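Chain nomenclature is as follows: A, B, C, D, E and F, assigned in order of appearance, with residue numbering initiated at 1 for each chain independently.
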């Protein structure tokens, strides 16, 4: 039994030391990041049997990804791309204080995963998965990846899994109109939708009261659960006709990258273990908050830490 | 003439880089920390002739401790434990922002110092010491260490020294009842008591108004001076029947570990040089504040810096 | 089906930068090492399904070990020791050129594994293992660990596995007489014996011609295979009455620690995949040689690299 | 055509890691800093053809300076001092939080530049420069440097350049009376004066309303433009009889060193490209703000970043 | 007057710390390398006015390349590729001792330079260049790059420059037959040919005595000068009908990458300053030898160092 | 009782990472070195009570020196120079393999010690010292330092100490003729002379057979002991009319700086403990050999290590 299976691209993340610009850097920290593997790592850290499906170049760089994820206990089910020039997506992250802000340079075109097909993936874990997750980044990568996403969600559901999907709109990958079309192709195969309020507005044209957005999405697409995230203002979920709100837990932020994925990982970890939606929102918020104190995309946290944050949760101040 | 002699355990302090968890760390910063040697270093940095008594394994690790403390000008009077498997206490410090918080993993069981006897220590410096200091951590280490503490304080006093003791209650080493008993065995040999308000409450059952706590302790145990520390709310001292209050000096905190010991070191440094109790409280607060801007347990500060903080002390804002 | 299961202690390995003494170090590289997990990592890197059984403190330090081994694809089957003061063995490795030489300071007394019992270990992988391996370090740790070693080897054999054992004599853990006694208690449960020539001489009193040593050991204890390692002079194996010799492959050595374990890992990897004993010796020698170019105990190598070294093996110069 | 030529001393900047005192440091970050080269780097980063004139020891240390400045696109026109013991000025920067504060230890006495003469400098770039800049540090270094400053400003003006001068009073180099005298000798050759309000008060005896200070300076010395900087309270300029005020743009400060020089670099970059004085103040403020997020003295920023800060400039909050 | 202009691709070079595999690395050293810019840096370090022509993405990564090369005094004449997904070639260099060997993973497909046209390059420096250099890597990148190479060499020659070309065959970019064709298209535009003996054999089918190879090439293609490099066995040149041989200067090799380019840089630096061919071979060999002691592709050396090596040249031992 | 007192300059030693040139370095290792303190550290590491006399700027940099030396157990008796611009000598060490070689850039002109007088030094340790040591670097620093050297050696001898002096000729500080004059002024106050063979030849004009050189020096200047060092060919001593020869112990050299001083430290350590001259030569050679495996100038070694090298001394191969 695998509790959670995720599918998506994972990249090498290269970043210069604090205060140093990419333009002059002589050292990079090497980390690993990708929405779907971030979710798998958060869930695995919280005790779930988690697997991650992807396609990687059969090279030291591809193995670098696997090495990292396995360290956190994630099962890596990979289609290895043996072409000489198979690429691993990379991204350069340059953190910067205001008014400079953090800069990201993507170098992910033509990554191995853009050619992924459902046939070549080792999908054994899908057969008995409880939750299957992907995000809106995957269908944005290529037509092939989009089709594979649909096939996998479909297969998962048929095998009895609950499917979850986070919009994760990336404007550098596609425009809102294309994204809307891509999302709509996937929605029929999705049970749990997670949507940043901003994405719902920009891509799906649903702005206004988040409660109404949640209701609208659930009604129009038949989602079992809709989770709306609103940054510092916390999250809310619509489930079984009820709305549940959850403020964030304040954090001293060292590295904000991966916060949203950690939220999803915490949420699904709790749901997969039978937790209620409100309890899962608490776990999501606590995991996200803890993640912000840790360097890198990955939620290196423990269940005990999440439980403590939830328990002491008066810290859940809504800014 | 030695101005200050301290006695206690000093450990290796290992900590991962900022934002990295122990669970995934590939590098540790190596530092040295222990309440009593922290006090000695603070005092030596402020110009005192300071010595530190302890027992260490006769190994590169034991010598690592001595190397560090000597660098700050502390005389290291060590009983070397030649057993093949003599241990040095270590502690793993993982700093973390809220809500994660800093985590400490101790690995100090059966350290060489748990077998220390007064006979084997090179105690020449005790003969002409002005102040002799230990803390409540030492008697918590072992029965043997507790007895040695009593013997040393007793011998010091007989030789004319003023003795000082900080409760420093550590719940990972003993429970409040055992600590209370251990402290009471030592109190008859103590002239200056330093007590965190929380320790006084938890171990000695003295909560309520700190002024009353100070009076109660002085009356019951005949201390010459009682200093109560209250974290951000500053400190107060009872001496010659008078109460003196001292707010903290605000600091941009880089590393809070060792703040309390630096307070004691600054306080004793001033007292040993003939300063009044209110002036010593100022020095304690200034040393503690400066320490917070420095990485590690040790107060690498100068007398001139302390004097400047005290002089500009309008900064002594009570948060 | 698990190809290889190993059982033993794994420690944190802390080492200062090149040319820096432990006595003055301010940074440690943090690595992970232990004979049996080293073997598992080498085998997993070469494509085997490998599992490692052990007992660890339920702490960030214990999890540090698991994180590392999982990264290399090793399944970690751990009994977690929940006692507050459960210890993880550590060792401090100070590399040094001649005439100083490399120094090792162990701090492994009372590690969690000294209390390990067969009952508490998650031994599911033993049921269908092809090879099961432990080394002479394990029974040296405690009487309890020695008994557990016997029980596990016995159970493995009954389940159909081939058992392998490397003498790995450590003079800091026991004397030759105790070791001999300990080894003899294990020998009836061992199919494949690996012995450094020096260990055979010092502990078992068998010196002289290594071919004779191999024959003597096989005859007296009924081993199916005996492998004798001779440092720079290569190795030899007695199997089915035949002697096979294997020179080393020359290496530019960056870090020699773990060479012997990598040899065993390479040897077993080949055997478990049906390779002949001479072929397995080649794989062992090639894996060991590659390991020497890599920092740390662990053989981060690929099957392709081992195959290339074997193929170009004219490099197999016997110095 | 060179847009901007600057003249002055550039030093090696050595600083320990965060939280480490100079007294105990084992590593220094090596950077390069000097008011006039900082200005040249900021201007070059913003697209100007910039050159820097100086004198350096003909040694690896002197070349270290050139290597750094050229990296940012600054043309380095250097008189090389071939004396065996020619010195490069160095400064040790120890950043520290409050109440400790940042400490600077200068070691710049007898640096090569103190012997600089106009004759030995490769001043070809002066012939067609639009702006020529130096600061009050240069005449403070030596009588010789002071005379050379005058000669260069004079020559630049005759060749048609606009000259700019920042008081940059350094109390460790000379006293206010000497500085006043030195400045007054230069003022007749200056078109654009930049003055920190504090310097104007302390050295020139002009305190009170900054608008009046600007008017007073312009009237008395015939400056074409006077810019008064006021730290957190922003800057103002008097030009063509009009006063223009500019608040700062808030920044998360990582390293404040070089902020003022970056302001000047941004200001001159805009002026040299034909920007109005108010627009140049905006560019100066934005460049200064961005610089504060970058480690080191040098404004590693892009024109696009400056434009964005100016455009989003509601951030221009006056604290 | 520009002494030397080179044209080609320059990449980011990322490498893990010594002894660490790419598969597990958490840090990369960031350096810059490319045959033609390596040559330009070597020549600039030896005092030549050197320029480098290329096409780069208009991004922090592209500017990283420029920053590095400018630091060494190379004029960077770049066509900036403003497409959102314009790529910079990168390569991952994992140094390893024998028998592992150094591994290189290229990620250079579709780099900006593959689209370079002669029109878009700022080729002003070509007009008065003395030497113009490119290598066989450039035409291998794309048909477009190949055509541009021909156009530039042609234009350079027409403007009076001497053109130089190093075969630099890269089997990962094209096969020998394609390379031969590519080289032949360029040969009519080349005056000075540099060929590794191995490349001459593998691509041009010319093996056997290197003297004969040189004569054959000169005769068939009308080169003014032919230089044959033979690794440890040194180099030889045919010029004006005479053969000149040059052994290598022994080096303690820290980083061999860029050795050949440094040879060419040293050779051309001497030729451009009027040195004879034998003297230029000495300079090439000395520069190459010094480079091997320096980390990175770039010959950070001085003319004085090269002169000293040549003068003490008894070190010119032919291994 | 102090076993050994040394007097001389100690500098900050700054060096770039391996393979990086000073010209491009962004990081320096910070270490401490000086012939006389190197000797004191070696002796203290070997168990002697050692003191070091010097003059330092009263600044964090001066305190940096003291911090380092105290760490090794050396008593630091310092005259603090309170002048604002008092300097600490620094030297930049750039290690480089052949043919580049190691480069040293000194920046020591006008260091505080050049103004040192005997009166201002805290010379209490001289009163009961057994050995007093300085080297030929000290009188080369300034006339004042030369006079102080004579006064100290004279005072030491009158107080009953044996005085030792190492020529340590530095051509960057003075020429041979001046050095000869300076040395001759000191010789009447010296009991034990240590001379590198090369220095004896270059400065004192004594070349030829080292045995004759030793006899000549002893005869002409009345030295009690003369030690001649000959690099790889070992050392010899003339004492009581007898010649004792000592080969070196081979070492894998990581950092050769400080080898000679470690030899002297080991030699004096043994002599001060009553060892014979041949035994002291063994200790000197062993200490020097061990030092070469350690980074930095300082002999961080233990008596046990020296004893082991001497005992296993077949390693004493004369190359």
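Throughout what follows, contacts are C-beta pairs under 8 Å (C-beta built on N, C-alpha and C of every residue); 3 or more make two chains touch, one makes a residue touch a chain.
This is a predicted model, so every value here is computed, not measured.
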item: Partner chains that chain A and chain E have in common; value: C, D
item: Chain of greatest Cα-centre distance to chain E; value: B
item: Recurring contact interface, reference A-E, options D-F, C-F or A-C [over half identical by residue number]; value: D-F
item: Chain located farthest away, centre of chain F as origin (C-alpha); value: A
item: Between chain D and chain A, distance of the C-alpha-averaged centres to the nearest whole Å; value: 47
item: Approximate Å spacing (C-alpha centroids) for the pair chain B, chain F; value: 39
item: Mean-CA-position distance for chain F and chain A (Å); value: 63
item: Chain B, residues touching no fewer than two other chains; value: 21, 23-24, 26, 67, 71
item: All chain pairs that touch each other; value: A-B, A-C, A-D, A-E, B-C, B-D, B-F, C-E, C-F, D-E, D-F, E-F
item: Chain E partner contacts - residues on chain A that touch it in the complex; value: 14, 16, 21-31, 59-61, 63-64, 67, 84-85, 87-88, 90, 92, 94, 103, 105, 107, 109-110, 172
item: Of chain A, residues touching chain B in the complex; value: 71, 249-255, 286, 289-290, 292-296, 300-301, 305, 309, 312, 315
item: Complex contact set, residues of chain F against chain E; value: 17-21, 23-24, 96-100
item: Sites on chain B touched by chain F in the complex; value: 66-68, 70-73
